[in-house]
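Listed below are the structures to be examined.
Here come two complexes built around subunit A, the first alongside subunit B, the second alongside subunit C.
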Partner chain A sequence: MRALGFAARSLVRQPARATLGILGVAAVGALLFDMLLLSQGLLVSMRDLLEHSGWDIRVSAGDLPGRGPRVQNSLEVARRIAALPLVRSTLRVRMADAQIDRPSSTPIRAAFEGVSALSTTGADMHPPWTVTRGREARGPHEVVIDDRIAAALGVGPGGTITLRASCVSDRESLPPVRVDVAGIAEFPFAVSDEDAIGGTFEALQTACSGNVGDDADLLLVTSTGDSNETAAAIRTAVPDLRAMTNAEVVGRLQQTGFSYFRQISTVLTTVTVSFAVLLITVLLTVSVNQRLGEIAALRALGFSRSRVVADVLSESALIVGSGGLLSLPLGLLLASVLDRILKDMPGIPVELHFFVFESEALTIHIVLLVATAIIAALYPMRIVSTLPIAATLRAEVMD
Partner chain B sequence: MEPDREDESFVKPGLFLVAFLAFSSLAVLHAQDTPPGILVSRQLAASEGLTVGSIVRLSIDAAGTHAKEFTIVGIYEPTPDPAQLGVVPREVRLHLPDLLDLTRPAASVAGTEFVSSINVALVHPDDAEGFSRDVNARMPGILARPSSEAAGSAGPFKVLERFHLAIAVVTIMASTVFLLALTMMLVDERRETVGVLRLIGLPARRVLLQVLIEGALVAGVGAAFGLVLAVLSEGLINAFFQWRYDTALVFVRVTKDVALTSVAIAVPLGTSATVAASWALLRRGGLRLARR
Partner chain C sequence: MKVNDNAAHAVVDARGVSRVFAMPAGPVVAVREVTLQICGGDHVAVRGPSGCGKSTLLHILGCVDAPSSGTLLFDNQDVSGLSDARRSRLRLRHIGFVFQRFFLLPMLTASENVELPLSEAGVGKKERQQRTRELLEYVGLASRADHRPSQLSGGEMQRVAIARALANRPRLLLADEPTGELDESTGAQIATLLDRVNRDGTALVIVTHDSTLASRAARVLLMRDGRIEGEQRR
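Let's look at the complex of A and B:
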């Protein structure tokens, strides 16, 4: 009988402890798997979001797009960028706080994204939202709204809403403005605790009663070729501003915004792996200690030293392997629960996920479990390899 | 809102702008007249080699347009902000009139600027709720809130608390399984001893009580050891992360509540695991247990 089959029979002989060992590894493995998903989840999710948005470069006045001071004279800046040969199109984005009036309830607070496109190549440009019903907003009196606003107001494409936006200061008291709803849209970068409205720059001017100015929160750029070269060209053309490729934005976020989750992921990965090693080591050691007589008898019957060592290693591999397999569905289930909890955090884009499956995470998970199986088996393997056959059998008989 | 020109308190709004400018266009100068005083964050002072008494120029753009001179009158430790973890706080703090003079657009008349917020100290702090309502009613466009409600950053920490709780639950479940497996093996090892105890006349209930006390003792000692380990590692973890992020933020704090909760979970759990593992054993007859 091969070592693996023999180890399987040893485990079947002790079903309760084998089951508990496997369940323990499954629970610890699930947590380990989740921490590996969390370690890169936000970055992977953010990279996907940025890449699917269709814009290669983000130009802003602050360290990160959308944060810090606004881009002054944005129309002139957009023109200078659009004139670059590597640039396909440019979109100015201006954010404003808005309140949508409701006849018999408190107003709905929303973020108004006003956009204005500029292209010297005639390329098609799409705003940073996706219309799911109706059509795109055009002109100064049309907007698109998200599903939550539509549901709260009972308004669909073709309806009208009354809103007041604050473009300069949230202390402004502006008159209400009625605008038409052209469509319902998804705003992937809208934060989870805030509703969103989209429209043209002109629509934003209408909502803010013309009190907007010429500054923009950021400029989105698509390039005709390599985005790094385009970003470098933009930095030369507008040296006061920061032009960041999607990869640079993700890299910047990696340095600042997401460090907490990377740290907790590292700490918990270390803790869970140590815990798993300890669990399997104790289980195997106690199990081996209880079977010393049996193992000595097998040695006396002709089992080689390497064979009994292989039996212990196989036992460890079976417990960790079975627990590891169980840990994958358990981990994915737990990840969805933890993701829902963390997505309640204010300021997180609705499309951003904390736990994202990646084949790399699965590979690391498997490598760590294999290492766990080997390391955990080292001490019990040493016990059986150095077991004195005659003395153990004698002690067993005397006992 | 018209700012109070006599206000000499430090203000936080607008500091990002100034901080950004500070590290992009700081230059130490010498001046004959003493310019207005500012405070500089420890991190900014360290990175730029600034000391108390240094004279610096601050401007609202990277080109240094309309720069003004200020004297560093102090170095301060920024209030730790978990939301800014990983971001080195390179900040300066100015008196509000100085900040407004520096940032006021050329077309604006002095006194027409807005401020982000006004902090009000009440004679009777318990009246905060009523005072807020009164201000909101009398001054449309102004939002007044008691300080307890204005802690906008509470949300993320509530979420993180729930996240940590969920992880703790999973860890406890894994620990329980581990503990059960371990106690089952330990109890199995003592099968003969239990058998002999039963054969010499001790009833199952008496043996169970002994197991229960043993379990409670082991769980209690384990919980105490865990607490000591947590207290010892608390300082190490805080020291490491404070060094890693250059912050005074406290990352781990073993409070009385945390310690009591841990003990309240660990001791009953450990005791129950021991009893559960022994239960099957005690249901067998003494002879069967003692038989090899």
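Let's look at the complex of A and C:
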């Protein structure tokens, strides 16, 4: 009987201890797995979100797209960017606060995204939302709305809504305007606690009674080739603005807000791994100490030191391996619950996830569990490897 | 290292071996300059009062403890310079141990317990199973092969332990109080079995307080204060 089979029998011999160890590792492993998913989840999710939007480069006046001052003379800027040979298309995006009237109830607050496209290649451009019902909004009197607004107002494609937007100041008092609902759309960048409306720049002008001006919050650019080269060309063309590729945006977020999650996950990962090591070390040490006589007898019968050490290591590997296997479904379940809770925080885009499965996280999880099995077994392995055979046999008889 | 002298026929040859334990109150000499030869087919009993060094001598002869001074030859080979791994291999191949408390592994069946040393020695599965069947038949427990130790009586457990000790056909079988945990009748059965093992060619050294068991041996060594004070031959 080899070490692994021997270890399996040892575990079966003490089912309570084995169950405790496996469940302990499963619980700790689930937390560990979640921390690994969290450590990269936001970045991976944001990267996916940016890449799936179809836009390579974001041009803004501030450090991060959509934050800070607006891009002045955005139409002229968009034309200069669109004229660059590496640029396929440019989309100006202007955000505004809007209120949608509803009968006998408080108005719905929403973010209005107005967009205006420039294409040098005639390529088909899509706005930063996806129409799920109806069609795209066109012209100055059509918008698309999100599902929640549609449900709250009971309107769908072909219906109308009354809204007032604030494009310059929160204290504007603009007359309400009626616009047609062309479709229902998903707004992946809309935050979870805010509803969203989308339309053309002209539609936003209509809602703001012409007060939009020529400012844009950001410009979205698609390139014909390498996005880094295109971003560099844009920086040369409009040196006052910041042009960031998707990777640069993710990198920037990694350095700023998202780094907190990474730090938290690193601390919690360390704590969970330490707990797992302590748990297994204690269980194995107790088990080994209860079997010192048997181990000494095996050594007397000719079992080598490396063999009894391998038995202990195999036992550790079986406990951690079984618990680790259980930890994966547990961790995924826990991650989905935690993700729902965290996404309810204000200011989080609806399509952004905190916990994202990546094969790299699974690999690190496995590596950490293997390390846990080895480190946890070090002390009990030392006990059996340095066990004085004769003294132990003598002590067992004395007992 | 092979030693060529007139003791070449001895399985184990202790020459002036002593064993001193360092204790907080000062060194304790458990075995004092014992010179002893155990030859193939010998049946030796070691008697003496508790604490006189019988078990320590047995452990030295079985290469699980090293003498503080003196020389121990096993099969004419000085074992003092052997690494732990080679000593383990020596014990596995050539020495069998029977303990007072049996030390069978409770999670394994009788046949699995017997099979363990064979497996450790790298014996193939088919041969292991064949040898295990033979050994359990030899000790009269063929029908209990699939029973775990908890399902066996004390005498049956000791029989399994003897079968396990014989698994790799050792030249020397060492038994430390093999009847110490058994009633008189069961002890007599174990003594009969050990006699048979010896008759079949295995050198046998038994440490015991049991005068009946000791009286079956061809040589009885009397120990006191770590010394062999006398030897009775039958």
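Heads up, the rule we're going with is that the second predicted complex is superposed on the first by the 399 of 399 C-alpha atoms of A that agree within 3 Å, B and C clash if a C-alpha of one lies under 4 Å from a C-alpha of the other, contacts with A are read in each partner's own complex, and residues count from 1 in each chain.
Operating definition for what follows: a contact is a pair of C-beta atoms (placed from the backbone, for glycine too) under 8 Å apart; a residue touches a chain by one contact, two chains touch by 3 or more.
Since this is a predicted model, take the numbers as computed values, not measurements.
Set against each other, subunit B and subunit C differ in how many residues of subunit A they touch, and the higher count belongs to B. Contact with subunit B, but none with subunit C, is seen for A:L31 once the two complexes are overlaid on the shared chain.
Applying the stated contact rule after C-alpha superposition, one finds that A:V397 touches subunit C and leaves subunit B untouched.
In the superposed model, A:R13 lies in contact with subunit C only, and not with subunit B.
Of the two partner chains, subunit B is the only one touched by A:Q290; subunit C is not.
By the document's definition of touching, of the two partners only subunit C reaches A:G302; subunit B does not.
Residue overlap on subunit A between its contacts with subunit B in one complex and with subunit C in the other: absent. Of all residues in subunit C, only 55-56, 59, 62, 64-65, 84-85, 88-93, 95-97, 99-101, 103, 105-108, 112, 115-117, 119-121, 164-165, 168, 176-177 touch subunit A in the complex they form. For subunit B in complex with subunit A, the touching residues are 1, 16-17, 20, 61-63, 82, 85-87, 114, 140-142, 155-156, 159-160, 162-163, 166-167, 170-171, 173-174, 177-178, 180-182, 184-186, 188-189, 241, 245. By the touch criterion stated above, subunit A contacts subunit C in their complex at residues 1-2, 9-10, 12-13, 293-294, 296-307, 389-390, 393-394, 396-397. Taken together, the subunit A residues at the contact with subunit B in this complex read 16-17, 20-21, 23-24, 27-28, 30-31, 62-63, 68-69, 169, 171-173, 193, 240, 255-257, 259-260, 263, 268, 275, 279, 282-283, 286-287, 290, 334, 337-338, 341-342, 344-347.
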